[in-house]
Structures are given as C-alpha cells and as structure tokens.
Amino acid sequence: MNHFKKLLPTPSFLWTALFLLFLTPWLRAQDSPEPPAEDTFAAVEEIVEAESTEVALPKESQYLAVVGGDIYTVTDGMIARGALLAKNGRIMKVGKRVRIPKGARIIDATGMRVYPGLIAVDSSGFLRGSGASARDGFDPFSLTLDLGLAGGLTTVHGSNAVAKLTRGSLDGMLLTTSPWVKLNWTSTSPASRRSLRNSFSKARDLIRAVRAWERDKQIKSDAGEEPEANGVNLDHLRLLRGEATARFAANSLKDLLGICDLLEEFPMQSVIFGGREAWACAGRLGRVNARMVLTPRAKQYADDRLNRPSGWSIENAQKLWAAGVEFAILPSQKSISTGGIAGRDLLTLPMEAAFAIRGGLSQKAALRSVTLDAAKILGLEDRLGSLEPGKDADLIICDGDLFDYRTFVQWSVVEGNVVYDKQEMPYFAHIRPRPVSEKILAAVVEALEGESTEVAVEESAVSDVDAPEEE
Amino acid sequence: MIASLFLFALPVFAQETEREPLGRLTAYRVDHVETLDGDALGKAVILVRDGVIERIGKTVIIPDGAVVKDFRGHGWTVMPPFTVSHASAFQGATRGRGRNGKYVGIDTVWLADNELLKDYLSHGVLLAGIDPPGTGVPGRTSVIRMTAHAPVPEAVVQDLHLKLTLDSNRSAKDLLRNGLKDADAAIKKEEKAKVDWEQARKDWAEKQKTKAEAEKKEGSEKEASKKEGPASAAKENDKEQKEEEKEPPKEFTAPKIDSQLSPVVDWVRKERVAQIWLSDAAEWVHWNDILKDRELPWELVLSHTSSHNFHEVVEELASAGVRIDLPARLAMQTRYTRIHINLAAELVDAGLEKLVLRPSSSGVSGLSSWRVGVADLVREGLDRAIALKSMTIEPAASMGQEEVVGPLVVGMAANFIFVSGDPLDPLAEVVLVVEDGKTVYDRELEEQEEGR
Amino acid sequence: MFSILLTSWLMQQVHVLDVGVALTMENRQVIHNARIVMTDGRISEIGRQADIALPEECAHWKFPNSFAFPGGVDLHSHTQTGGWEDINDSVHPNNPELRVLDTVRPNNRLYQTASASGVTTVNAIPGSGSNISGAGSLVKIKPTDSVRESILRDPGSVKVAQGYNPERANDLGGTRMGMWWMLRWWLDQADGVAQSGSLATRPDVSSIAGIALGQHPYLVHTAGARDTYGTVRMFQLEAQVPVVVSHASFHGYMAGEAIAETGAALNIGPRNFDFSFNQMARIQGLVEAFESRGNTDISIQTDAPVIPQEEFIYQATLAERLGCSTWMALESINVRPAQQILADHRIGRLLPGLDADIVVKAGQPLDPRTPVQIVFVDGQVAYDKNQKQLY
C-alpha cells in the first residue's frame, strides 16, 4: 500500500500536470492555425464594410476548410458539426475533428448543412460549342452559370460535354466529352432494331473469337493471327467490353421492355432517359442493371384502352429504387428560366427530387439521385458525387435540409474555390438574409472597442488528432 | 592686337547671331493652361520659338520682337491636342475574319480632300489611329495627322501595332492560337536555317583551308599530272568548279515568312506591340488561356457597348500592367441591371497607370459626345487629370508620338489647342489649334468665311 | 328499396376525423389533437378530441401525426373540360352571357389528380381571349358524374381580361382605350339593370348584374403596374363592385403600395417571380413583393393548365420559398380566396356550419415531400391515398 502510495503523484506534481494539461491545447493551438493578428483585424474591418460572414480571408489559399456544419458525405453517413479540409481542389479530410493549417480559408458553416455539389445529367444553356470546343466557348460569368450555382449545381452535362461551373476561370472546367454512346431502340422501328442487334452480334462474336484465340495461345503453339475487327462497330465493341455506357430514351412500357430484352441478350452499362412507365417493369430494369434518368412530375395519363398498366406514377422513383435501380433526377425544364415561372427548372433541382420523396422515395435515395448516382451515370463517380478524401472539393453549404422548400444554397465551392455566396450576389440575397454569425459580431465589437484582435476558431474543430497527410 | 580681338569677337558675334536668330517668336497670353504635367496653371504665358515651347509659366518675360497673342479675358483653356486612338470613321472598307497580317490600316483610307480631317482638326484632334478592317488578325494599325495635306497626304506611321480580336469560341481562339504556333514554327525555322548556314560557312571555310593545303600539294602533283595529260587536269578543274558553286552565301538571308504571318512573328519576337480587342470578361479569360505564360508586349482595347461585365475582372485587368483603352461612357453592369459602373475609375483605383479613353463613336458627332462621356466619368469619380491625359498624351504615347502630343513643358513641340472654357464642358468649343507654333485652325476665321 | 336505404344511409354517413393539428384558418387559430365531425356535408363540430364525444355510427378516421387544413380554393382554373378545349370563344370582344357551366366535365382526370393534391374547389373560368369572356362556376372536385352536384355556385365570377391577351383579336378593343371604354359601358349597363330590377329583359347582363347586387365578383386578368392599378381604380374605386385582381404579374408589384391603400383583393399566379423588370438582378418573389408593400389580401392561383392543377399548393410553397411569410402562404390557398370569391360562408375555413372540405397530410401543408393522405369534400371521401396514390 505504501509502495502504491509512492507511485501516486504528489500534490505539487498534480498541480503541474493539471497546469500542463490546460496549457497543452493552447500550445497546440500555437502551431495550428492561430489566426494572424493583423490579417484578422483587416478581415474584421472588411467584415464591417462587406457584412461577410467568413472568418479568415486570404482569398487565394490552397487550403479550404468548412467548419461546424452537418456534413452529408452520401457514402459514409452524416457527420454532425464536422469539418472538411480541402487542398488544391481535392478533399483531404472529412471528420468530426480536423486540423486546419495556417493560412487556410475557413468557412464557418455552423448551423448549416454541407452536401456534395449537385449534378445535372443533362442541361441546356450552360455551355456553348460542342464537345471539346465547349471549353473555348465557355462564358465563366454567364447569368445561367451564376443561377446554376445558386441552385446548388456544380457540374452539368450538355452540348456533348461534362463541365464544372468554374466561375471566373477555365481551370478544371472541362471534365470529359461524350460520356455515352447513343443508341436508338424503339418499338416503332423494327429495321433499326434488327441492324443494331446484328451489329452487337458481330461485336460479341469478335469478343468470343478473341477470347478463344487467347486461350489457344496458352495451350497451342500455333494459334494463328489475332482475329481482326473487320466491319465491327467500334462503339458497340466498347459497349460490350464495358468501356462505355449506352444511352437510351424510352417512356412507354413497350419500349422499356424492348430495352430490357436487348440488355439481357447483350449485357452492358446503360442509362435510360425518361422511364415514365418504368414503375411497371422495375424488376426487369433492376435485373439488367439499367440506370435511369427520371422526372418525377412528368405526366402522361394512363391509356384506358390498354390491358396493361400504363401512365405515369408519382411512385415511379420509389418503385425503381426498391428494385435496385439507380437513377438521377432531372426537372422537366433542363435549363434556367428567368421568365417568372419557378419551381420546375434547374434552379430548383432539389424540388423535383422532393416530389420523388412524395412518392415514397427515401431522403437518402433522393440525395444520391442528385449526387453520386448522377456522377455514376456520367462515369465520373471516382471524382464527384460524395464528400470523401480524394474526391473533388465541389460542395454546397445550405441553410437547411436540401429538400426543404425554404432551403437556399449559402455558399458554393467548385475545385476548392468559393464561387458563389448568397449574400454577395444579387439574386437571392434579399430572401431571408444570412445573419452575421455571433462569432463575427463579437469579433467586430471587440475590434471596434480595441480590446482584442484575435478571432478564435471553434475549439472542437481544431485538434491535433487528425493531422492532414502531406501529399 | 586689335585685329586679334576682332578675330575673337567674330566667332562670338557669330554665336550670338545663332543664339538669337530671326526665328518666329510668339507669346501666347492665356487664362488657363492644362499642362498635364503637374498642376494646371492659371493666367500664364507660353513663349514659342521656332515651333518649340521655350518658356511656359505664370511670370515669363516676353522678349522684344515677339508676336504677342493676347487671349486673356475669354476664359479659354490651353491644352495638348486630343488624340483619337481608334478613328474607325475614316475606315472605308470591310473585311471578314482571318489571318490578314499583311494589311495596314491606311491601305483602305482615302486622305486626299477628306473633309473628315478638317472636322477632326476643328474638334482639336491632331492625331488619330487607323485600324485595318476585319476581325481575327486583321493587320497592322496606322497613324494619321490631321494636318497632312500637301502634296499627297500620307500616314505619319504606316505600320504600327498588330491588331487582334477575340471571341469566345473555338474558331476565333484557334485563329490566334495557330498564329502563335505558326510564328513559333517560323522563328524556329529561321533559327535552324541560321544554324545550318553558320555550319555551312564553317564547313566551307574548312574546305577552303584543306583545299589551299591540297593545292600546295597539288602544285607539285600537277607538274606530275601534266605528264599524265589534260584529262586529269580537266577533272581537277571540274572539281574546283563544283566546290566553288557550293559556297554558301556570305550573308545570311532568313527564309521568307508569309506576309500574313510576318507581323505576328514580329510580335512573338517582341519587336511589335499587339492590341487585343475584348468585349467582355469571358474573352479576357480566354485571352489569358491563349497567352498562358508568354510574356509578350500587348495592350488592351475594350470594345464593349452600353453594358458589359468587366467589373468582374477589374483587379486582374489593372494588375496586368498594360495600357487599357476604353470607350468614354458610363456603361451598365450587364444587361439585366441598370447599375452603372465607372470602369475607368475602378481600373485606376485598382492600380491602372496607362488609361486611354476614346470616343464611343468616332464620327463628328461622336467627337462632341466624347467630351461629354469623359465628363460623366469625371463627375462619377475619375480623376480629372488622368481623364485629360487619357484623351491626349496617353493615346499619343501608345502611337509613339510623345514628341508630337505631350505635356506642355519647355522643349516640347508647340502643339496645343485652345478650348473656349473647361475642356470637359460640352458647351465649350475648340477655338484655335496651333501646330509647330503655327495656327492651323482658327474658329473665328472659319466662321467669318462661312458668313456666320 | 334496400339500395335506396343503403344509399341514404351512406349519404348520411357521419365522418369523424382525428388529427394531430388542425389549422382552422380562422384568425390563425390552431387546434392540437383536434376532432372534426362531418355531418350532412358540413362541419358540425370542431374542437379538441377531449372535448368532443364520438357520435354513434360514424366512420372514424385517425391521423395522429398529421395536419388537417381546409381544401384548396383555386380561383383561376381552365381545367373544367379536362383539357385545353372550350376556353376562349373570341368572336365578340365582350360576351358576359356565356357560361362555363355548360363545358364542365366533373371529375375529369385533371381534377382527379388535383384532388389528390388537396384542391377541393376551383373557380372554373373562360380564358382571356376577349374583354369579357363569360361567367365561370365554382366547382367542387369530388368523385361524381353529376354537374349539378359539383357546382358550389354559378356564376362563380365573371371573367374579364383587361390587357395582355384580348388585343390578339385586333378588332375594336385592339388598344386599351377601346377595351376599357367597353368595360365601362358594360359596368354601366349592369348597374342600370341591377338598379331598375329589369333583369328579365336583359339576359345578356344577368351574370354581371349579379355583381352589382354583390352576389359574385369580377375576376379580372390584369398585369403590369399601370393595368393592375387601373383595374383596381376602374372596378373597386369607380364602379365600386367586388373584384378579384388576378395575375398582377410582371411589374404589377411596383404599384403595390398604391394598391395596398385600396385593400384590393390580389390573386397571384401563375408566375411566381420577376427578374426582368426589377433591374437589380433579383429573383423577386411576387407575393413577397406585394406583401412587403403592405398588401394582405393575397391568394394564389395556377391558371391551370398553364401550371398543372395539382401544383396549386406548390405555388404557395414557392411563394414562401421566395420570401413571403408562412401565414401569408398558408392563407393564400384557402381562406383568402374563399373570401375574395364571396364564398367564405361555405368554404375556406374549418368552422362549424361550413362545408366539410378537409385535406389531411402527414407533414407541413406546404412541404411537397409529403403526400396528401385523404381529402374530404362535402363531408365525403374524395381521395384516399390508401386506395391508390395519385399524387
């Protein structure tokens, strides 16, 4: 017992230990991002003038930190009051506690929600030119681009190109061209269907021949020449090899079933635009792993003359999801409209998804339909659609749940740059203006009264537990 | 001894005569002078000798023999003449888009008996820039002087800057990108040709050396071959002839460069300044995308109309460190707002040092509304001194005509105008234009002649 | 015999509805754990579950986690035929004697989907192809094939278009001068007939004479600042007849302050915002614009099928999204339009004595994410999501 007592720390030791313990966070804070004093004062002055709510500027910083908001990663659940750190346009770290380096640009997202930037799998009016020349025709200051950002979009497909809404810059704008191979497969053209099937047959025969030849090579010494792709459609070959995605458009059950037949015979990656009657063959679509692009409110009344289910259904999205079909959502108007009618164009993409929720789709699935599954349909899921380390730093910070009709995007980030701020742009600043955060108010008051020029970042967000790895 | 004195005096006499020759000496007494060199002057005297400003100031002693022109009491202002950087009103022709580097602005402008020259002069304009018509790479700019009359009016400068225009689309960008690419290739080709030529000269020099040595040897051998016969001697002669044919030229001549491409090559060699015309912020982004990291000499000409979105890139424009030429008007910040932006003032506040303001329209009525436009900009915050410079000496500097239109200081050529009031007052008129100390325009006389 | 008894028993089926929250829309009164008793097509009792005893023999509906609110009233709808037909006669510039009643297809497909969204009454009106295009009817959306049973009131309103469409015809009335002169002439005629009581001799003015007698209002299609205020001036201030100022689009809100002083009844839609005219690059919500200039009597419309009829409540959703207050948006779909169309003694609120037109939703009324559970019209089930979800 005495022996044990000796091991116990003496009172003075205890006090020293406690003191050190209290000191340590302060010490740690020294080598982590203590806000540079003068810059902060200048920043505070700017805040007084500009009524901005960002904590620390520099405008150009390779590090961006979004702190304090609920982060919806899409793939890994929701992190309440978490932090996200991005470097050079890529997400480095997402977590509850993230260490933020000195000089990082910090966005205080307390009380807000962070989502991946939304993706429109088809659009018009954002890009000029076609394919690769969309980069040369890009207007990085257009009204459509601004409003697209205000509506939460960060990536759009249109004019045969997939592009990011990189306001003010061409860096990182063009992602890819022609993400799909267009295929025409309708019930009204048996001749074209026949020729398409023949072409796929030929391609499949070639693939089989090549595989057989490769096997022969291993066992025989004289396997002959590699079979040549004579008269085989190269796009169809790519499709069967899994190197490309086929794009269909079909709304009627008949056409959708026809596509299912084709895909069962020639399995390949596909995306089907429309799918108004897809609810009636959801199972089959799930089994052929087709992906869809849906407009939940697209109406066509059932045809009473038919003896099969027909017409639209508000439950379309939910039924497809239940059958395991992945889909993206688009509104009926795939552009931005300033004529006066709201709520049915790309300015309110989440509202279209809200109607899928009305039909029974879960909020989680609805979120995927405008983020990760949309990225998959464009073949860019390695870069976009979720908030994970390694993915592009394209995100939106909203003042409420994404699918709540009162929610607005407060900030948009593309390639790690803040490209939209609701309070700085004239479009929506007057609607429920963002209140200046308490922290900023306090800093402003302190600065004006000359007491202190330091602005402290939330303790909970700053810690040495997760140090970002240098790349 | 007296003779020697006389001898000494003679040269002194001669010198004095040279120092005070019977040159024209004119003294202008005026109410107000905008020297554009520091502060403006109130009541002042400008002393001009032989077409050069000898003295200028508040207290200037007017020597005997000077012709005194007293313009005090009218409230007139004297200032350097106006300079219109892009006087498209002179241009008669049109052309499409393409690589047309071989053309110059003056090609398609008719100066003889051109009434516009007189009109410009009566508005106080002495120099104007002429652009070649067309877009893409339309050619090179020229400079004309309003007083170029007899015998056949000519441009002051035929061939000055390279004009470039840009649109936000692939073909327009390709035009410029390919221009740079082809210019690089031409320069590379020339460099290679030069290297080859130098190598060839070196080789030939070597050959000559060895030939000389061989000839020495040959000399002895020839005597031996003479015994062989004339055939071998003939062979020797042929060989010598062939070698002489192959001598590379003593002077290096560069391979010919296509005349349409040539000015672009000059630009890439930094021997010529390019003026790039942009109409919105998107084109600025695309221009930078074409230039990438190249350091080339260029100036910016903004060609927006009543609305534009250059406010988005004001900082970048100012920090590019180049001369920027704008139309003198308060334009709206894009089509869907009526918020007016004083782009000129914003650029200056952001650090722009070389500002040129040109009339939005360069016809005769445009010249009047030019001053109104500048007055608007000054009223809305543009520094007045900078504004006046931007209409006069800055555009002249861009044309390399600093010695023709410059600040009114001692030593400067006596080129100035008299305005019947504040130059930025739309009701004020140009009443007198003096060039090289001579009056080339006098409103009163003109009006008398026209019987008004 | 038995079927008659069965039918009569069914007809007198009493429905009792228990909900978590009932928005009565009467002075913004909200009842928690509410119970609504529907008898003979009317609300006989409404109050807290604890205070109201369950009657014997009733159909008891329980939605403990839901909102109940009055059925939607859309004052500007052209979906009575189930399509785009029979909306504009456009032969004469003025046809007050024409009636929409004869074109109504009750329970057509557009109405069915609308019912599933919570719309219970629409003011089915003719189009804006002429100055006075005819009289509309107040139609209840319920599962019946009988026009008689569907009509709440006929005429519901008289449709007037004061600009931005009647000019299409280019006959007399090609400018506003001609059109407004004729309107004044008709107003005089109607007034004269009403005063002298000579309705029988003037069937052509019967519908608008009723207005002079305060039986129903004019519903005037108008837009822009000049014309919106002009409508208020001509009808409300000069002729002093009840009028609903419908659309008020584009820059109508710029006359908002002057209109607020008159207390005019505004019926906003289908456009939800203005971008072109404010010249500040603002997405300016129209309801918010009017509200911030002092207007309180605002209802919402769809101009269906310009906006699909079932997106009626979504219009109010968008109005709130674009900045108007929550109560303004909630009232704009039931109590205000009922008052504006002079039918608030029958519809628009959950009060004893009023029609039992009730919508139940397991979520906030204006939230598009939650579907409508059940709709009662005239005390009977008009839509039940459990049968088939139509919207």
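Lettered A, B and C in written order, each chain numbered from 1.
The definition used in the following text is that a contact is a pair of C-beta atoms (placed from the backbone, for glycine too) under 8 Å apart; a residue touches a chain by one contact, two chains touch by 3 or more.
Owing to the predicted nature of the structure, the values given are computational and were not obtained by experimental measurement.
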item	value
Innermost chain, where centres are averages of C-alpha coordinates	A
Leading chain pair when contacts are tallied as C-beta pairs	A-C
Per Cα centroids, the chain farthest from subunit A	B
Distance between chain centroids, defined by C-alpha means - subunit A, subunit B (Å)	53
Centre-of-Cα separation between subunit C and subunit A, whole angstrom	41
Intercentroid distance (Cα basis), subunit C paired with subunit B, Å	72
Multi-chain contact residues (two or more partners), subunit B	334, 336-337
Touching two or more other chains - residues of subunit A	338, 426
Multi-partner residues of subunit C (each touching 2 or more other chains)	275-276, 280-281
For the subunit C and subunit B complex, residues of the former touching the latter	275-276, 279-281
Footprint of subunit A on subunit C - complex, ascending	109, 113, 249-250, 270-276, 280-286, 288, 307-308, 311, 314, 317-318, 320-323, 366-371, 389-391
Residue ranges of subunit A touching subunit C (in the complex, touch as defined)	297, 299, 301, 313-315, 338-343, 347, 351, 354-355, 357-360, 363, 403-406, 426-428, 430-432
Residue ranges of subunit B in contact with subunit A within the complex	168-170, 172-174, 280-282, 285-286, 289, 309, 312-313, 334, 336-337
Touching residues (chain side subunit A, partner subunit B) in the complex	128-129, 133, 136-143, 168-170, 338, 426
